[in-house]
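Here it is: the structure, laid out below.
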Amino acid sequence: MLSFENDYSEGVHPAILDRFAATNMVQESGYGTDTFTKSAKEKIREAIGLTEATIHFLVGGTQTNQIVIDSLLRSYEGVIAADTGHISTHEAGAIEYSGHKVLTIPAEAGKLSAASVANYLQTFYADANHTHMVYPGMVYISYPTEYGTLYTKEELTKLSQVCQDYEIPLFIDGARLGYGLASPQADLTFADIAALSDVFYIGGTKIGALCGEAVVFTKQNEPKHFTTFIKQHGALLAKGRLLGIQFDTLFTDDLYLTISQHAVAMAMILKESMIAKGYPMYLDSPTNQQFFILHKDTLKALESHVKFSRWENYDDHHEVVRFATSWATSAENIAALLAYLPEV
Amino acid sequence: MLSFENDYSEGVHPAILDRFAATNMVQESGYGTDTFTKSAKEKIREAIGLTEATIHFLVGGTQTNQIVIDSLLRSYEGVIAADTGHISTHEAGAIEYSGHKVLTIPAEAGKLSAASVANYLQTFYADANHTHMVYPGMVYISYPTEYGTLYTKEELTKLSQVCQDYEIPLFIDGARLGYGLASPQADLTFADIAALSDVFYIGGTKIGALCGEAVVFTKQNEPKHFTTFIKQHGALLAKGRLLGIQFDTLFTDDLYLTISQHAVAMAMILKESMIAKGYPMYLDSPTNQQFFILHKDTLKALESHVKFSRWENYDDHHEVVRFATSWATSAENIAALLAYLPEV
Amino acid sequence: MLSFENDYSEGVHPAILDRFAATNMVQESGYGTDTFTKSAKEKIREAIGLTEATIHFLVGGTQTNQIVIDSLLRSYEGVIAADTGHISTHEAGAIEYSGHKVLTIPAEAGKLSAASVANYLQTFYADANHTHMVYPGMVYISYPTEYGTLYTKEELTKLSQVCQDYEIPLFIDGARLGYGLASPQADLTFADIAALSDVFYIGGTKIGALCGEAVVFTKQNEPKHFTTFIKQHGALLAKGRLLGIQFDTLFTDDLYLTISQHAVAMAMILKESMIAKGYPMYLDSPTNQQFFILHKDTLKALESHVKFSRWENYDDHHEVVRFATSWATSAENIAALLAYLPEV
Amino acid sequence: MLSFENDYSEGVHPAILDRFAATNMVQESGYGTDTFTKSAKEKIREAIGLTEATIHFLVGGTQTNQIVIDSLLRSYEGVIAADTGHISTHEAGAIEYSGHKVLTIPAEAGKLSAASVANYLQTFYADANHTHMVYPGMVYISYPTEYGTLYTKEELTKLSQVCQDYEIPLFIDGARLGYGLASPQADLTFADIAALSDVFYIGGTKIGALCGEAVVFTKQNEPKHFTTFIKQHGALLAKGRLLGIQFDTLFTDDLYLTISQHAVAMAMILKESMIAKGYPMYLDSPTNQQFFILHKDTLKALESHVKFSRWENYDDHHEVVRFATSWATSAENIAALLAYLPEV
C-alpha cells in the first residue's frame, strides 16, 4: 500500500546507509565523543555560518523539545507557544512532565504573530498579580509549522525582537526545517534561522535520517553541564556515532537541503494536480505537508489504496486530510496517488 | 588504536546492517506499529517462552531504567538497588529526576542478596516512623552486574521470593543480558529471567545493535497507557522500525545468544591469559567485562596503544582497570592486547 | 484604611482564638494524630452526612489543589478546568510543577458546563492520535467559582454524571465553599457536594481560620499512603492541632455556615446598594465576591480610602473591580465603603 | 499523660497567643506583604547582624528544606548530607520529589566533617566519568543535628571553607536552631551562623510557634522570583500574618533565645539526673534532645506513664530512646518523669 501518511515512513537515505556500512567496524568512544559527531558539528557550524554555535545531537523531536525547554527555563517559567504547536497538543504532556506550563496563544495558520506575543508579555507584566502566575520564560515556534506554513523573514525578525526586548530566548522547532528552507516560498536561510533564534534544532528523523535531531545553541548560551542534563533525561546515546554519522552525511555536499528540495518539489506537483482536479485546499502550504478537504466518500474510497492522515473534521460531509511527501517520495508515488483521486 | 574501552565501540552487527539495506524503502507506519516491531516482539516472546509477555522497545539503558521504574512506582515509593548499581551511580540522577529515591544497600561483588533486601524491608515496616520515609516499592538488580558477576538461579529465586512476599516488583536491568546468559558459569536461561522477574530488559546497544533495549513485562503487569507514558518521557521513536528491525534480526536464528557467547569466549581467553601472565584479578568475572589490577606504570605504557576503562584506584601504585569484549571482538584483538601486556 | 481587598484580611474567628487559648498547654502527638483533629474529622463527617468519608487537613489552597490532583492523577493524565479556574491562572504553575497539564475549556461566567466537558472527552477519545495526547484524568471546578458564581444542583448533577460516564473523578475546590452554600441562591447542601463529587475541600483560610483546608474523599477513594504523599509534598504540619482545633471549632454549632451566611448577607447589602447608586455589575454574583464596573476616576478616588481588587480592564475608561466580604465584615464596614462611593 | 515525645507537643508560646488576640481584627494584605511580616524580618536581620539578609517565612521544616534546596540547585545537581540527616531519612523523599538526589556521607555523631565533604568533592571531580554522575551542588547540615549534637565554630568554619572552595552553598537546617545556640556548650552565635552559611533557617515550630520557619539568605543570593517559586510549591500562605506575628514576637526582647535556654536547662537537669540514676547515654547531647539507653523492661513500664520516642534498637535487651524538652517543659514535668525512672 502506498503511503503519504507522514514523512518518516521509509528507512534512511541511501547515502547514510552506505556510511554506516563503510564505518561499521571503526572503534569509537561513546556518548558523542566520536570523530563522526565532531565532524558533523563542524559541518553544521559551517552550514549555518556560525562558528561559535554549540551543537548536541538528540534522538527524537519530543525529547528535544522537552530537554531544550527544561534546560533553558527556570522552575517558575513556562513556554509561550501557539495553541496548535506540537508541544501544546501532541507530545503527551512532555513539557508539563518536566514541570513547565505551555502558555498558549491562538495561532494564525499555525503561526504566532509578534504582536500577539508582545501583547501576552505586556499584559503579563502589567498584571498586578503576576507573581502568582507562570512567568513567560521562552517563546517556542515551529518552522515550518504543524500546518506546513512558513514565517517570513520579517515576521521572524519581529518575533526575535520581542524576545530580545523581554530578554527571553526564542526556540525554533525545526523538525522539518529542511522542508521549510527548501520551499520556493521561503525567504529565510540557515544563517537567518541561526541569527534570529537563541536555540533551534535541525530535524533529521523526518528528513533522511533513521532518527536524530541536531540542537544548535546560537548565542554562546548552552546551559552548563548540558551533557549531564541530557544523561539525566535518559537521552544520551551510548553509540553517539549513530547520530554523528547521519548528520555528517546529511551535511556533506548539501545533502540535507537537496533532499528537502526534492520533497517540496513533489509536494508542489501534488498540490497543483489536486487543485487542478478541483480539490479545495484547507490552507495553502508551501512545504511538504499538504492539507486538503476531501468528501468523506472520496476519503473512504482512497483509504483502501493509500495511507494518509485524517487531520480533523471539516463539516458533516468533509474532512481535512494531510498528504506528506519526503526525501523518499518519487514522482511515481505522486502519479499513483493522483490516479486514485477522481476529479471533483 | 585498539579499544577494549567498552562493549559499544563498533557500529552494528553486519546481519542487522543487511536487514536495514534490504528493508530500507518499505513504507511503514510510525511509533512502533510497524511489522518489524511486531515480528520482533513475537520472536522475543518465543525466545523467553512466555506468550503473555508484553514488550516495548526503547532507545537506551538510562532511559529504560527511568521509564520502567517511574511507570511502576507510585510517587511515595523508591527503588531498592545495590550501592554499586548503575541507577545509583552513573545515570546522572535520572531516577531522582523522575521523583524517586534510590534506596541503596551495600553490594556484595555487585550483587544484592535476598537476605539484605529482606532485612531492609523488614526494618522499614518495623519502623514506627515509616510513614515519614520513602516506601520501598521495587527491587532493581542488573544481570550481569556492573562488575560482570552473575546471580545464581538459587540467589535470583530467593530475591524473587522476597519481592513476592512484600508484593513489590523485581526489575532486572539486562543491558548486558546476553553476556550473562551466554556465560559458561550461568545457570539461568531467558525463561528463568522471565519467570523470576516482573519486568526486565534485553540490552541491544551493548550486544550488536546500534541502539535499543527491549522491555519485557512478564506478569501481565504492563502499566496502563504505557505508550503515552513513553511519549511523555520523550522516548517514543517515530521510526520504530529502527528498533524493530534490530531486535527482529537479533532474535532470528539465535543471533543474540550466539554473538554473546563469542564475546564471553573472547573474555575468557583474555582472563586466562592475563592470569597466566601474573596479573591479579580485581574480582572473578565470568562475563564480558574483566577487571584486573594493574601497576600504574603498566597502565601508563598500555594507554598509548590500547583504550580501556580506568575503574578506580586500588592503592598508591595500582589501579583497577576494566577490559570489555563484545560481539565485535576478534581473536586478533585479544592477541594484540596481550602483546602489549608484559609478564608480571 | 478600610479593606475589601479579599476575604483573608483579618486574623481568625474569635471562637477559634478562644479555643487556642483554652487548649494551649494540652500535650498532643504530632502530624494530625491529635485528638482535636480526630474530633474535627468526626464533626465534618456528620455535617456532610457521609460516615465513610476520609478527611485530611492541609494548610492552603494551592497546596491542596496540587496534592489532591497529583495524588489522583497518573503521570500521563491532566486535569480539565475552566480557563478562568484558579489552577489555570493564579497558582504559579503548581499543577504543572507536579507534572500534570491543566486542560482548559472556556468558562461561562466562571463555570464549566457538563456539555463542554462531555464534548472535550468525546473529542479526545475520538481522536485517532490521542495516545500522543494528555489523557483527561479528572475534572476540577470551584464552588463558588472565581467569579463568585454558583453551579445549580442540576448543573452539578450533570457534570458529575459525565465524570462517572468517563470514570474520572470530579474535584470541587471549595476554598469559599461556605460562601457558596450560604448563598440564598444556592440549591446545594454539604450533603449534595459530598454526594456529587469524588473529592472536595472545605476552605478554612477564607472562612474564619488562620489557615487550613479540609480535603474530603467521598467515595472510599483516598489514595494509598496519603499521609506519606502529603509529607513528601512538604505539606504535613508537625502541630496538626493548629488545623484540628480550627476545624473542630468551625464545625461546632454550625459556626462555619453561620459566619458564611453573615458574609453573604453583607455582600448582598453591598450589591443592592451599589446597584441603587447606579454602578453596573460585571456579572451577578450571589456570594461574597462582588464584581462591579467602575470608572477609572471613581476608582482612583476610592483607592485613597479603601483597598479592593482591580480585576481586569473593562474599556478605556472603566475597570472591573472586586469587593470581597468575609465572616469579619461588619455593617459599619459596608456603610463606610458606600459612603465613599458617589452615585453615578 | 506526660509527654517528652517531641518538642512540638504543646500549642504556642503565650506571648504569641496574646499578640494574635491583640492584632486579630487588624486588616492586612496577604501573602507576606503585611506589616507584621515586615517587622519580623527587620528584627531577625538585627538579631543576626546582617542588614543585607533577605528573609522568607515558610510553614514547616520539610517544606522549607524542599524549597530551599530545589531553588538553589540546578536540575543536574544533588545535595550532600549526612546519612542521618533529616532530608536523607525522614522527609518521605521530598527532595527526590523535587528532582534532586541526596548524596549521603556517613555521619559522625550526626555531623558531617569538613574532611569527608572535601574528600567527596575531590573524588567526584577526579572521576573521569563524573559527567554521568549527579553533581554535588550544595551541602546540607542541621544545627543542632538530629542527635542533638553541635558543630563547633572551628568545624563549621572548615565546612564553610570547603563549600567556598568548591563554590557551592552551605545550607543549615535550623529546625532547632535556638536549642543549639542556647546550649552552654555552643560557641556559635546567630551572627556566626549567618556569616558561615549561605542560607539557613530559624525553626519556629519546635521553638514556641504553632508553625513557621524563617529562611534567611545571607549572601544576597536569594533566588530570582522566590515568591513565585514558593507559590508554585504550594507553600505561600494567604494569611502571611500568621507567620509574621509569630516571628515578630519571638524576636522581640530576645524571646527566641530565652525560651530556648529554658528548654536546654531543663534537658541538662534531665541528663544529669538520669546519669546519676545510672542510665547510660547513647551519646552526649548538649541540647534539648537527650538520648539514653533503656532496658526494654524499664521502657515498657515507663510507657504507661510517659510518652517518649523509641529511636532504635540497641541490643537484645535495650533500646535507644529520646526525651525532648522544649520551651514548654516545666521543672515539674522533669521531676515527674524522673519519679517514674528507677535507679539502675
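So that you can tell them apart, the chains are marked A, B, C and D in the order they are listed, and the count of residues begins at 1 in each.
By our rule, a residue touches a chain if its C-beta (ideal position, glycine included) is under 8 Å from a C-beta of that chain, and two chains touch if they have at least 3 such contacts.
Keep in mind the model is a prediction, meaning the values are calculated, not measured.
Put simply, the chain farthest from subunit D by mean CA position is A. One inter-chain figure worth recording: subunit A and subunit B are separated by 34 Å, centre to centre, where each centre is the mean of the chain's CA atoms. Chain centres here are Cα averages; for subunit A and subunit C they lie 42 Å apart.
Residue positions of subunit A touching 2 or more other chains: 75-76, 91-93, 97, 99, 131-133, 228-229, 231-232, 236.
If each chain is drawn as a node and touching chains are joined, the picture has every node linked to every other. Within the complex, the subunit B residues that touch subunit D are 75-76, 78, 89-93, 96-97, 99-102, 128-129, 131-134, 310. Chain contact summary for the complex, subunit A toward subunit B: residues 1-3, 5-6, 8-12, 14, 17, 20-21, 23-30, 59-67, 91-94, 97, 205-206, 210-211, 228-229, 231-239, 241-242, 307, 328.
Partner subunit D is touched in their complex by these residues of subunit A: 31, 70-71, 74-76, 99, 131-133, 135, 224-225, 227-229, 231-232, 236.
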